[in-house]
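A quick write-up on the structure given underneath.
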Amino acid sequence: MIKVGIVGGTGYTGSELLRLLALHPHVELTAITSRGDAGTPVSDMFPSLRKKVDIHFTEPEIKNLKACDLVFFATPHGVAMAQAAELLQHGIRVVDLGADFRLKDTDEFAKWYGMPHSEPEILKQAVYGLIEVNREQVKNARLVGLAGCYPTAVQLGLKPLLSAAKPLINEQSIVADCKSGVSGAGRKASVPMLFAEASESFKAYGVGGHRHLPEIEQGLRNMSQRPVQMTFTPHLVPMVRGILATIYVQLNEEGCNTDLQALYEQHYSKEFFVDVMPKGSMPDTKSVRGSNFLRLAVHRPQGRNTAVILSVIDNLVKGAAGQAVQAMNVMFDLPEHTGLEQLPMSP
Amino acid sequence: MIKVGIVGGTGYTGSELLRLLALHPHVELTAITSRGDAGTPVSDMFPSLRKKVDIHFTEPEIKNLKACDLVFFATPHGVAMAQAAELLQHGIRVVDLGADFRLKDTDEFAKWYGMPHSEPEILKQAVYGLIEVNREQVKNARLVGLAGCYPTAVQLGLKPLLSAAKPLINEQSIVADCKSGVSGAGRKASVPMLFAEASESFKAYGVGGHRHLPEIEQGLRNMSQRPVQMTFTPHLVPMVRGILATIYVQLNEEGCNTDLQALYEQHYSKEFFVDVMPKGSMPDTKSVRGSNFLRLAVHRPQGRNTAVILSVIDNLVKGAAGQAVQAMNVMFDLPEHTGLEQLPMSP
Amino acid sequence: MIKVGIVGGTGYTGSELLRLLALHPHVELTAITSRGDAGTPVSDMFPSLRKKVDIHFTEPEIKNLKACDLVFFATPHGVAMAQAAELLQHGIRVVDLGADFRLKDTDEFAKWYGMPHSEPEILKQAVYGLIEVNREQVKNARLVGLAGCYPTAVQLGLKPLLSAAKPLINEQSIVADCKSGVSGAGRKASVPMLFAEASESFKAYGVGGHRHLPEIEQGLRNMSQRPVQMTFTPHLVPMVRGILATIYVQLNEEGCNTDLQALYEQHYSKEFFVDVMPKGSMPDTKSVRGSNFLRLAVHRPQGRNTAVILSVIDNLVKGAAGQAVQAMNVMFDLPEHTGLEQLPMSP
Amino acid sequence: MIKVGIVGGTGYTGSELLRLLALHPHVELTAITSRGDAGTPVSDMFPSLRKKVDIHFTEPEIKNLKACDLVFFATPHGVAMAQAAELLQHGIRVVDLGADFRLKDTDEFAKWYGMPHSEPEILKQAVYGLIEVNREQVKNARLVGLAGCYPTAVQLGLKPLLSAAKPLINEQSIVADCKSGVSGAGRKASVPMLFAEASESFKAYGVGGHRHLPEIEQGLRNMSQRPVQMTFTPHLVPMVRGILATIYVQLNEEGCNTDLQALYEQHYSKEFFVDVMPKGSMPDTKSVRGSNFLRLAVHRPQGRNTAVILSVIDNLVKGAAGQAVQAMNVMFDLPEHTGLEQLPMSP
C-alpha cells in the first residue's frame, strides 16, 4: 500500500483526490491537513464522503506527514514551495497540483504569480506532470509539478501537430479559446462565483493575461523546439465541471497536405486516457465528466486552411486530481489507470 | 460471471445500468436491446461509454437474451409484462425497473396505468424490489418489480415510524412533498423538459394524482399493517439528478415520547446504503449524486407535534439502476455493495 | 415626481429597486447609499444599469437623504431601525424591505433576530406592507415594514381560506413547504451559495426554525382572528429567482363543502397582481419571473380532505422590490401598477 | 397605432415579440397566427402573458392579416418566402425574423438552406435588417430580412475595424468563436436540448459549417468592400439567453498603430443600443439579458498583434425580437428605443 498524504484538503481538488483515492486499491490515506480545520472529520465538511472516509483534518506539519510515501499538495501557489524541501529530505515524493513547479523560468514565475520563487534548486529537479508528454521522466520523479487544467486540454490538443518532424502550422498565431466550469475557480467564497451571479451568464476573463499562458507556451515550445505564440482566452461556463478548448491553427502547405484525423489517431493510439473521436465529432464536456478521459476531435471547416481542434476534459479529474493519481500510478509502477476506471457520469 | 441482458437500453436508467455494470467485477454484459437502434454501437449513442462498453444494440428478441442469467427491463410500463413470461420459462431471472410488477392489485394497476394487467399470475410471484424492506424475499425471487424512485425515498423515510409496534403517528394524514431532478422524466424529446423551459423554474406536477401514490400507500400499509393515507405532491427541480422527499407526520402521544433520532439510527444501523445523519442535519441531493446511498434526517421543529423527515437519493441510482444492481447482488448471493462502491460526485 | 432614496443599494433587492424605479414615470432617483462603496458609480457595480442609471453611491447619512420624499431600506435587519426615526422626523416616509418592522411583538423579534428592538414606539405606527391585505392602512402609512418573500407567497395563498367567516380548515396543522431560488440569500460571498455548491443540488434549510415563521403566523392570526399553527420548511432551489409555496391544509366539513376554486376567484377578482389560475393548473415560477404577479392554484387531490395550494412569485419583485414600489404607489395615490407593468421574462 | 400581425407566434422569438409589443405604446396587436394552435388563447400556451395578452391564435391566412400595417414572420425558413408577396401586394410591410431574405445570393441560399429561393425578385428589394449598419435603407423598406443572432453580435463587433478607410487587420483570417444559450435552438422538442442533456455540459456544434457563416461574410464584405474570410465556430452554453462572440483579428501595421478603444467609442458614440465598455472590460451576457443592448469590449492581449473583441447580446432581443421592434420603429418613424427601454434583468 502506498501511504498518501494530502496537504490542503478542503478545496475541490482536495475533495476530488479523496473521492478517487478512497477507492484506489493500493492506497492508504494516511493524513490530510488543513490549517483552519484541524480536528474536524473530513466527512463533516464533505458529507458525500460519509460512510467511506473517516479520517480527520490535521495541522500541515511534517510530523503528520512523515509516514507518507507520497504527498499531494492541493494548495494555492506558494504553499508547496515552502514545504516541499523538507518532505523531499525525508524521502517523501511530492506531487504539487498547484502552480509552484510548472514554470521553469523563475522570472516568468515571479512575473505571473507576483512572488519570487523561493526554491529554484528544487524547481530544477521538478518534472512537469503531463503524463502523455513526460511519462518517462515522471516515473523516476521525486517532485512533480502537475500540469494545470487549461494547459492539459490545450497541450494534448496540439501535441500531434507540434511534435511533427516538419512544421504543419503557423506556430506564431495559435488561438486557444477555452471554456471552463466554475469549479476551476476553487471553493472559496466570492461574489462573482455565487450561483445568482454565475448562472445564466457567460463571460470571458483574464483576457489581458492569464497564468496558464506562459505554462502552455513553455510546453508547446518543448514539443516543437521552435518559438510558439498563442492567444489564450479563458471563459467561464455556467456549469460546475468541464473544460472545452477550441483551438485554431493556420495550416501551412505541409499541414494542408496532411491527413489530420490519421495523424491524431496514430499519435494517440496507445494512450488509455486520450480518445480521438471519429471524424466530424464534437465532444461535449459531459462525456468526460467525473472521469480521467480527454476526448479530441479535429476539423478543417470548409476545407480552408484553418484547422479547429476540440479538446474536452473534466478540469477536476484529468485537469487536476485524476492526473495526480495517474502520475502517482506511474511513479509507483502501477498500471496507469488503477483507481481511475470510473466512467463519466452522464447525464 | 453473471450474464446480464438489458431490454431498453437507450434511456437514462438503461445507460446508468451500463455505467454501473461496466465496472461490476462479476457481470458479463451479454446483450442490450433496443427496437429502434438495433445495430448501433452503444457508445455511439452514449459517448461517455466509449473505450469501455463496446457492444451493439440488438433487437429485443428472446434469441438475443436467452443466454442471460438475468435480464433487466428499463422500459416503459407494458413492455416487461409482455416479455417476462417467456424469459422466466427459460429460467432467466427478471428485474423490471419499470412499473409492471409493483402494484399487487390489478385494478389499481389498470386505473393508474390505463391498461389492464396482462399477467396477473406472474404478478403474484413478483417480489417488490425495495431491498431494505424485502431482502429475504428478493434473495429467491425469480421476478422483481423494482421500487420506483419517489417510493424508495418516501418508504425508507417512513419505515422506522410505520414498522414500530405501536402507532407513533396519525397514519391518515401523512404529507410527502417530493422534489425530483428532470432525469426522472426520461430521455425523450418533449417541450416542457427542454433546458429553456425547465431551467430557472420550479413547479409542481401531478398534483391531482401520480402513479407513485398507490405504490407508496401499498408499501406503507404493508409496513404498518394498518390503513394509511398520504398526500403526495411531486415537483420538478431544475437539476438533472436527485430526489428530496420532505415528509410531514403528525406525532401521537406515543410518537411525541419517542426519541426519533435514536429510533432511526437503530433501525438502520446495519444498512450499508442508508445513512441516518446526525441530529439537525439537512442532507442535500448532491451528497448522494451518482451513488447508491440514501441519506436521512429527522426533525421536530419547535418541539411541536409535527415531525419532518428529509430523505435524499439519486433517482437514477438508488431510485433505479443502483437499486437494480443491489437486487441482483442479493439474488446472486454477492456482497450487496459489489460494483456499487462509487462515491457521490461532488461538486 | 416622487424623490426617492435607497439605503443599501448594493444587494439584489437594491439593484432590483433600481431596475424598476429607473422606468417609473413618477420617480426621481435622488440618492442611493452604501457605506462601503460611496463614490462608486452605481453602473460600475451593476453593468446592467449602464446607459440608464448614472448616479453614484453616497454615504448613508441624513444629509444625503433629506431631500427625499420616500426612502427605501434594502438592508439587513437592524439598519432601518437605527435610522428610521430621524428620517420620519424630517417628514420622509420610509419603506423597509428588511425585517425591522414586520413583527409586532418585540419579544418575538428579539428571539428570532438575536437583538432587542430599539424602536418599540416607532414599531407601533409601522404598517405591515402586504398590500392585498392592508391596502387602506398602507395609504396613510408613514412607515411600512414590507412583508418578507415567503410570507407574501404563503399569506396570499391562504388568505381566502383564513378570512372566511367560518373556519374551513384545521388551523392548527397547516404545512407550508416552500422553495426559493438562491437570490433570496442575498448578494454576499458565501461558500454554500457558490455556483459549484448550489447548482445541481436541492436541500431544505432552517427546518428547525426560520424567521419567516413568526411573521407568517402573525399574519394568519390577523386574518382568521383565531390561533394558527404552521409547519414551515424552506428549501433552496438551484435557480436564481422565484418562490413556490406548496401549502397543505386539512379541510373541515365546511371546507369540504366549499367550492374552493370559486372562493379563490371571487376573493381575488379585483386584485391586479393576483392571478387565480384555472382549475387544475400548476403554475411555475418562470411564469412570474421579473414581474410583480403572484399566481395561485387550488387543488383537492383524490377528492380527499387535504387541499393543496400552489402559490408562485418572483422573490425579488412581488417578494421585495416590486411590492415596495406597489406600496409606494399606494402611499402616493398612484395607480397601483405604475412602473410595474413589465411582463414576466420567459424563457 | 401600428396594427401588427405575427406569423408563427408559438416559438421563442414569437413569444418574445409578444412580451415586447404588449408594452409598446404605439402598437395594436391585431393578429397572431399558428397553423397548429388556431383557436387557442395565446396565454394558454404562455402563462407568463396572462392578464395582459388576451388574443387567440388564428390560421395564417391573408384574411387574418390584411388589416395589419406590418407583419412579423417568426417562422422557420421557407415560410416567409411563401407568403411575403401576397402581403406586400396588400401594402403590408414585412419583417422576417427568419432567414429567407438575408442572403442576397440565391445560390448561397440554396446551398446552405437546402431549398431553392422561390422569390428572387422580392429578395432584391429586401433590406438587410441590421439597423446600426443599414438604418437609412430600413426607413423606407417594405421588406426587411432581419439579421440573425450570431451575425448581429459578430458584425457589430467588427464594424469599426472593417469600415475603416484603410485595412487594419488581415481580413482573410478572422476567427469568431461564438457561444449561445439554448433558446437559440428554438422551442421544439429534441433530445439534445433536454435539460438533462444540455445542462452541466458545453460543446461546439456546426463546426464544419453553419448557416450564419455566409451571412456574416456577406455583411463583412459589404463593410470593407474587400474579400473577407472567417472561421466561425458556434458553441452551446448551458443557459437560456445570451450570446458572446469572442472575435480574434490579426492587426496589420496600421492596426497596431491605431487606438482601438478610441476607434470603437467614436464609431458608436451615437448609437443608443451599442455600449462600448471601458478599456479592460469583460462584458457578461447577463448584463444585457432581456434588453436590446449590445455591449462591446476591445482587447490587445500582451500588446501582441492579435486583437480580441468581446460582443454580447440577448439572442432573443437584440438578436431577434428586439431588433425587429427596433426595425419597426425606424420604419414607422418612431424614436428607435420606443418600447425597448426595459433594463436587463440581473441577477
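Residue numbering begins at 1 within each chain, and the chains themselves are lettered A, B, C and D in the order written.
Criterion: a residue touches a chain if its C-beta (ideal position, glycine included) is under 8 Å from a C-beta of that chain, and two chains touch if they have at least 3 such contacts.
The model shown is predicted, which means the values in this text are computed figures rather than measured ones.
A count of C-beta contacts for the chain pairs A-D and A-C puts A-D on top. With chains reduced to the mean position of their C-alpha atoms, the one farthest from chain A is C.
Computed from the mean C-alpha positions, the centre of chain A lies at a distance of 37 Å from the centre of chain B.
If you average the CA atoms of chain A and of chain D, the two centres end up 39 Å from each other. Measuring from the averaged C-alpha position of chain A to that of chain C gives a distance of 46 Å. Residue positions 12, 181, 183, 187, 196-197, 199-200, 238-241, 283-284, 286, 289, 347 of chain B are each in touch with at least two other chains.
Those residues of chain B lying in contact with chain D across their complex are 12, 181-183, 185, 187-191, 193-200, 238-240.
Touching chain A in their complex are the following residues of chain D: 173, 175, 177, 179, 181, 196-197, 199-205, 207-209, 213, 229, 231-233, 235, 237-242, 244, 246, 248, 250, 280, 282-286, 289, 299, 301-302, 304, 306, 308, 310, 312, 347. Partner chain D is touched in their complex by these residues of chain C: 12, 15, 19, 22-23, 46-52, 183, 187, 199-200, 240-241, 272, 275, 277, 281, 283-284, 286-291, 293, 295, 341-347.
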